[in-house]
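We call the chains A, B, C, D, E and F, going by the order they appear; numbering starts again at 1 in every chain.
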Amino acid sequence: MPYVNIKVTDEGVTREQKQKLIEGTTKLLVDVLNKEPKTTFVVIDEVKTDNWGIGYEMVTEIRKTQNE
Amino acid sequence: MPYVNIKVTDEGVTREQKQKLIEGTTKLLVDVLNKEPKTTFVVIDEVKTDNWGIGYEMVTEIRKTQNE
Amino acid sequence: MPYVNIKVTDEGVTREQKQKLIEGTTKLLVDVLNKEPKTTFVVIDEVKTDNWGIGYEMVTEIRKTQNE
Amino acid sequence: MPYVNIKVTDEGVTREQKQKLIEGTTKLLVDVLNKEPKTTFVVIDEVKTDNWGIGYEMVTEIRKTQNE
Amino acid sequence: MPYVNIKVTDEGVTREQKQKLIEGTTKLLVDVLNKEPKTTFVVIDEVKTDNWGIGYEMVTEIRKTQNE
Amino acid sequence: MPYVNIKVTDEGVTREQKQKLIEGTTKLLVDVLNKEPKTTFVVIDEVKTDNWGIGYEMVTEIRKTQNE
């Protein structure tokens, strides 16, 4: 009965990548804890880079510096 | 002082349905735990079907199979 | 496929009350959104009154004032 | 290693206000708990007023009454 | 900068299993989304079986039926 | 009507520190967004160091290395 919530920044996650996250997470819970996949939920939240901060800074600003 | 978070797939939940979820959840907490409605929060998250997985599969794919 | 998280203060919620919260929330999602109960999760978090604040104050302190 | 999630209604929070929330929260965790800012995350969720209820009512409706 | 929250029932998850969940989830985010492991958080919540409901029922009750 | 959830590792946060987190967070939301403190919730979760991972590792293990 696990519930997994994955929060990542909203920077172009593709449908194929989401599918891989769902499959990989579910497989992990089956392999490690012997959970039932039919009642394993994976919910992905894509958070705008303006709404995520780390080290006092918006990710939007961090990305600018990284790309300079 | 309860806080309730309801996550459902984003498949056309109407304003009237949201109102019913808010009322019903608040009433439940008042009835069962005698909580104060003025400080009872209900937050509804609508999650895209691509972002919700169950049983290794995206809900988007599950819906296709169900409608076949 | 809903997921509901109910956060309340840890002030002696009984097993019977938890059962009523689980049943009532699930019924609400079935009635309002026609959801499948078999994949409706309800998770209750009991939070210590020292760890919940409202209006600048710990609930622990608010309870003292209310009982005076 | 703190993770802070701030949920507010989606009513025109500006980029500058988000920056202040990120900075202020991070500073608080550094000052009070001596946490490392580089691994302090702040995630802001903006919730539509139709999706937030308090005292049995949608915030959308509460705002109408407040502005009358 | 991902944040992953894994909620499972509190039924004897071992330290080794937790380590595997942390490693596996982090690896998945590195492999699929090329995320930086140093800022990838995994938080595991163990929820008492009385506090988790599915299909109108407490997991505690579901386990009894399964073991009969 | 904000709701703030602060997750930190469970490493001896004192009552006084919790009070400061509640006050500081509430003040920030009042100052930056002009929110009403009476309906501002702050919930602190203390997570066991075995249950928090970063950079593939349990915080428990990271602390050992830091203290060597």
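Criterion: a residue touches a chain if its C-beta (ideal position, glycine included) is under 8 Å from a C-beta of that chain, and two chains touch if they have at least 3 such contacts.
Note that this is a predicted model, so its numbers are computed, not measured.
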Comparison of A-C and C-E by number of C-beta pairs in contact, larger one: C-E
Of all other chains, the one whose Cα centre sits farthest from chain B: F
Equivalent-chain rotation between chain E and chain D, CA atoms, steps of 5 degrees: 180
Inter-chain centre distance, chain B versus chain C - centres from mean C-alpha coordinates, in Å: 14
Separation of chain B from chain D, taking each centre as the mean of its C-alpha atoms, in whole Å: 20
Junction residues of chain F - those touching two or more other chains: 1, 3, 7, 21, 25, 39, 41, 43, 52, 54
Interchain contacts, given as pairs of chains that touch: A-B, A-C, A-D, A-E, B-C, B-D, B-F, C-E, C-F, D-E, D-F, E-F
For the chain C and chain F complex, residues of the former touching the latter: 7, 47, 50-58
Contact set on chain A toward chain B in their complex: 15, 18-19, 21-23, 25-27, 37-46
Of all residues in chain F, those that touch chain B in their complex: 1, 3, 39, 41, 43
Chain F partner contacts - residues on chain D that touch it in the complex: 1-9, 13, 17, 20-21, 24-25, 28-29, 31-33, 35, 39, 52, 54, 59
